[in-house]
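Multiple structures are listed underneath, in structure tokens.
Consider the two complexes below, in which subunit A is the common component and subunit B and subunit C are the respective partners.
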Partner chain A sequence: MRTERGARAVLIVLLLPVGVVVLGGLGSAIMQSVGLMPLVGPVRFNLDAYAATSQDLPVAIGVSLAIAAASTAIAALVGTAAALVVVSGGWLGRLVGIAGAVTISIPHLIGAATIGLLLADSGVLPRLLGIDADAWPPLVGGPWWVAVIAGFAWKESAFVALVVAGTLLTRVAQFDEPAALLGAGRIARIRMIFLPLAAPSLIVASTIVFIYTLGSYEVAWLLGRTYPEPLAVMAIRLFNDVSLTSRTESAAIAIVTVVLAFAAVAVASVAVRRLAVWR
Partner chain B sequence: MTITTRELVPALAIPPRRLPGDPGRPLTASRTGSRLGRVGLVVLLLGWFALPLLPLALWAFANQWSYPSPTPTEWGTDGLNSAITAGGIAAFGRSALLGVAVAAIATLIGAVAARALVAGWAPFPRLTTVLLFAPVAIPPFASILGTNVILLRAQVPSLLGLVMVLVVVALPYTTFTLRAAYAAHDMGYEEEARTLGASQAQVFWRIQIPLMAPALARAAFLAFLVGWSDYIVTLIVGGGQLVTVPIITASLAAGVGNDSVVAVLSLAAVIPPVALLMVLAQNGFRGRP
Partner chain C sequence: MHPMLSSSAPRRPWHTPLIATLALGVVVALAGCAAPSPGTATNFSTWDSVVTAADGQTVNLWMFGGDEQGNAYIDDVLAPAAAREGVNLNRVPVTDTKDALNRVLSELQAGRTDDGTVDLVWVNGDNFRTGKEAGAWLCDWTAMLPNMANTSTTDPLLTSDFGTPVDGCEAPWSKAQFSIAYNAAVVTNPPATVGGILDWAQANPGRFTYPAPPDFTGSAFVRQVLYSVSGGYQNVPAQYSPDAFDTLTPELYQVLSDLAPSLWRGGDTYPADSTQLNKLYAEGQIDMTITYGPATLTKLVEDGTYPPQTRVLELMDGTLGNASFLAIPSNAAHQAGAMVVANLALSVEQQVAKANPGTWGQFTVLDLSKLTSIERQQFADLPQSTVVPSFDVLSRNANPELSAAWVPALDEGWRTRVPTR
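Up next is the complex of A and B:
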């Protein structure tokens, strides 16, 4: 028992950085945003930072939510299709599995850079398709955030695919074969076995993708437009701004983003609990 | 970023679905029509995953590529030379060191936490679990805007602060991977070795580590990816002191006319993790020992 107590003490020490970053980071961001940790001047509770951003904040929230929703939807769709292929096995399935694993290990910023090289109006895709630069739609930095969403959807579809395939591999065969023996067709087996079994991990993976996309900086910064800005881009711009009040405003945006992320977690956990497989 | 990597080459795990000696195909195998559809779907998916990498392969070796031409107009190594001039080699080394440091620390903490959670001696197990997994639900930019102020006021050196934040970001992945592995780990082996007179150190080095090696490798790989890939934490918490491959690539990609050097740096950033992945996949990365 003495070793156990020692090990527990070691673990508490090892977990200190987690406490500093998670609790300390959130706490200090909250305090900054309400004026309790000013860079200079008196400590006074106020909501000035939230009021100062109130004009641009709703737009930023809208842009961020829209990008996150679109990216997550495409990633979930493509990822589920890829998981289906991976789970059904054979060398084709293995090939898709390898392509997904390679895609996951590409850094997001590098992914954004290469999507830029592909989709820009002088990019590789219009060159290959022989489309004139003037006729090519403004995918990078354009009004529909196409390159940003493509970048997220591409990388995150691989994530969804491997998470869903990973949880299904060991379970799907034991239901799939009896169902086929009993005369269930392909579509019926996808609808009544694959999708219900995949649903919990699909929801969890999609939630992680949604939150990641909501708070990601580099892809939207590199491939997006300068106005309107998504939350992360706006917060980092204000953070690097020279004016003294902008730090508190960037903290306020950070807190708003965290609240949105927690709301997404709450919705997802309700959704998972309602699933038949979970019950 | 985020995977439980035991499924990295998953198709291998499916046993042949027929009895030995049975020449027939399993009922679940695709036939003519649906087989064509399946091949079509696979081609589409492979195109989806591979197409974004095409510019890297083409631009990295293009000295000149005037607009309408579908292939580079002059091949060469100008991009590589500019990448080296821009400090690419040193940045490569810094990125690798950062990745290795994050992998080592996050795997160690993740292993201790996972073992404690599984064995039931973790302090406040619920709070510990929530804390360890919270970074997945908190966007990194949001937590570092707050953390940065604490680190500055506590005068923590920026490099140390950077590694600490990235370790915390990596911990959900290492803890998740290792918790699953420890849950499946048969304590009987350790108990039997102890009964036969092995010391605690011997049990640790000769039973626990070898049995956990594949999971430790998976966890370390995921944590390495966190350090290797990071941009925003390195930028804000690192305070511009640590110039890694993503930092150089970002500053060049934000400008114009750097397509070739951006492609070279991107290739340099893609190859090491993919090579690691292949090496680990060869060495029973996903299999149980």
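Up next is the complex of A and C:
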């Protein structure tokens, strides 16, 4: 029992800063969104901030979820494929591993600026290909958010690859080698060994990617359209707005984003619990 | 098996410390939050006491960092001069002045009332008004500055900032004139009115656009079009009222919506800020660019960023003019040092240096009639630009700015009516 108490004490110490930051921030955002922490004027509980944004909210949620889902799907697909290459070893595996590590260390904003310089109407790519700015498809600021999704998917596929490769490397050999000895082919080994072993970390990594993409504003602001806005861009615009009341609306958008993120976590944890490997 | 890992171990004790920790977290985080106090007046009574208190202070000047000439002026000219007066001037670049204001408001909201990180802000217009409403500025200090004597006390640009009375809550720094630059190599018959610019844009699809409000420059362009469609600034009441808004803006938004298909990318999207607009102009994707700081054009043409034939449109109906200021947050940690810098920035020497197109080219706020003839000559001797006309020409028929209350209303109206059309 003594060690258990000690572990609890350690847990409390570790949780305190997390509690202060996460719940303090969340608590003040909730209070601001319902009018309990106004910058000026009386303290009065109300849902005005939610009502004021309700008109733009459905479109913003749609855009945000679409960008996050597309980025996550591409990152999961590319990341898993890259992880398989890393795990298979050899010079190609090492090369992909190094490429992934380098990609992860590039800040998102720098990555987004680079994508912008590459894909914009008069960017490096159309110039290299000799395509006129007018003839180049509107990838940056265009209707399909191509540059935004590309930016997220590129960065996050490296993240997925390293997480999945990390879990596979420690466990895959003990199953893979006997299976190969018993005559299992490549496809069968990928389907029966690699994918089931990778599934939990893939789901967890994808959830992190989804939530990060949902809450990140800078890539979408830099490479996206001015209208319609994703939730995070809308929140930052309202937060920086000159009218003092719009800070409460910004807090309301932030709370909506948090609720969506929690929903994604809930779905993901159900999915992980159902996995054979987890049980 | 370890008791903590066994499934039969009681789970409740786990939850109690967890909940207690989380609850404590909320309490600790919210304890510092308090409603901000109203705007405060300065504690200093004489200029000498300010100068004494300022000695050795480090003043953090938060300002828009996207103007390289402005940054260079602060770092290479103003900061060394401040150091000679015993004040270290530290420039803090922000992408938008709103970031500085937001920092101050957040600090006030969190209860930091006398050790704020922002000491001085380059500000005007709606940011000034919002800060004043929230009591975020130090007031009644500018009359103490010795160099204020060289400014006019009746100049409406200096006594009221976008309709908000200045009330000694900010010291004047520069004047600006809204300007539209064009590439004369392509635009051979430049329009002479704001309406003419819209006609030109419609006749040359894809070659014109403007930043989406609430960007500062895009927002000013919308106000300029409002004056144009209303038949001149005389027909738009400076003070905001919902009635005036409802009467005047339907035509404005109709004109801008009709214009949209002729804009860059068919008005499908807009540059998010003036930096993106300027980039389009520099790359030759559009033939006109909009700026509230025309002084910077000379340098941009000289260094080859902009086409060599770049000129400023001389509009018969005049353009918006404003002044920008230096304000001290009410919670600034180094108020005395900030006042010394604001006073220094108003000196003839600094205003001449700042007005030089090779340095920054910002127009002076000093009243030349109050200066000695030698000082006036220093302004007269400044080099002339081939790109930008002199301030006298540029500010001919200058339009007054609307009150700051108009700005968010016009921006929101644009956002809900123009891009969604």
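In this section, the second predicted complex is superposed on the first by the 260 of 279 C-alpha atoms of A that agree within 3 Å, B and C clash if a C-alpha of one lies under 4 Å from a C-alpha of the other, contacts with A are read in each partner's own complex, and residues count from 1 in each chain.
Definition applied: contacts are C-beta pairs under 8 Å (C-beta built on N, C-alpha and C of every residue); 3 or more make two chains touch, one makes a residue touch a chain.
Remember, it's a predicted structure, so these values are computed and weren't measured experimentally.
By the document's definition of touching, both partners, subunit B and subunit C, reach A:Leu11. In the superposition on chain A, A:Met37 contacts both subunit B and subunit C.
More residues of subunit A lie in touch with B than with the remaining chain of the pair subunit B and subunit C. Once the two complexes are overlaid on the shared chain, A:Ile255 sits against subunit B while remaining clear of subunit C. In the superposed model, A:Asp241 lies in contact with subunit C only, and not with subunit B. By the touch criterion defined above, A:Ala188 reaches neither subunit B nor subunit C. Look at A:Arg225: by the touch rule set out above, it reaches subunit C but stays clear of subunit B.
When both complexes are overlaid on chain A, the residue A:Ala133 reaches subunit B and subunit C alike. In the superposed pair of complexes, A:Gly24 makes contact with subunit B and with subunit C alike. After overlaying the two complexes on the shared chain, residue contacts for A:Ile208 are found with subunit B alone; subunit C is out of touch. Overlap of the subunit B and subunit C contact sets on subunit A: residues 3-4, 7-8, 11-12, 15, 18-25, 27-28, 37, 122, 133, 222, 239.
Against subunit A, the residues of subunit C that register as touching in their complex are 2-4, 13-14, 17-18, 20-22, 24-26, 28-30, 33, 35-36, 96, 98-99, 101-102, 105, 109, 126-127, 129-130, 133-134, 206, 212, 214, 265, 268-272, 283-285, 404, 407-408, 415, 419-420. Put simply, subunit B touches subunit A in their complex at residues 1-15, 17, 26-28, 30, 34, 38-39, 41-42, 45-46, 48-56, 58-59, 65, 67-70, 108-109, 112-113, 116, 121-123, 128, 131-132, 134-147, 149-150, 164-165, 167-168, 171, 200, 225, 228-232, 236, 245-246, 249-250, 253-254, 259, 262-263, 265-266, 269-270, 273-274, 276-277. Those residues of subunit A that touch subunit C in the shared complex are 1, 3-4, 7-8, 11-12, 15-16, 18-25, 27-28, 31, 37-40, 43, 121-122, 133-134, 138, 141-143, 221-222, 225-227, 237, 239-244, 247.
Of all residues in subunit A, those touching subunit B in their complex are 3-4, 7-8, 10-12, 14-15, 17-30, 32, 37, 78, 81-82, 85-118, 122-124, 127-128, 130, 132-133, 151, 154, 157-159, 162-163, 165-166, 169-170, 173, 176-177, 180-181, 186, 189, 208, 211-212, 214-218, 222, 232, 235-236, 239, 250-251, 254-255, 257-258, 261-262, 265.
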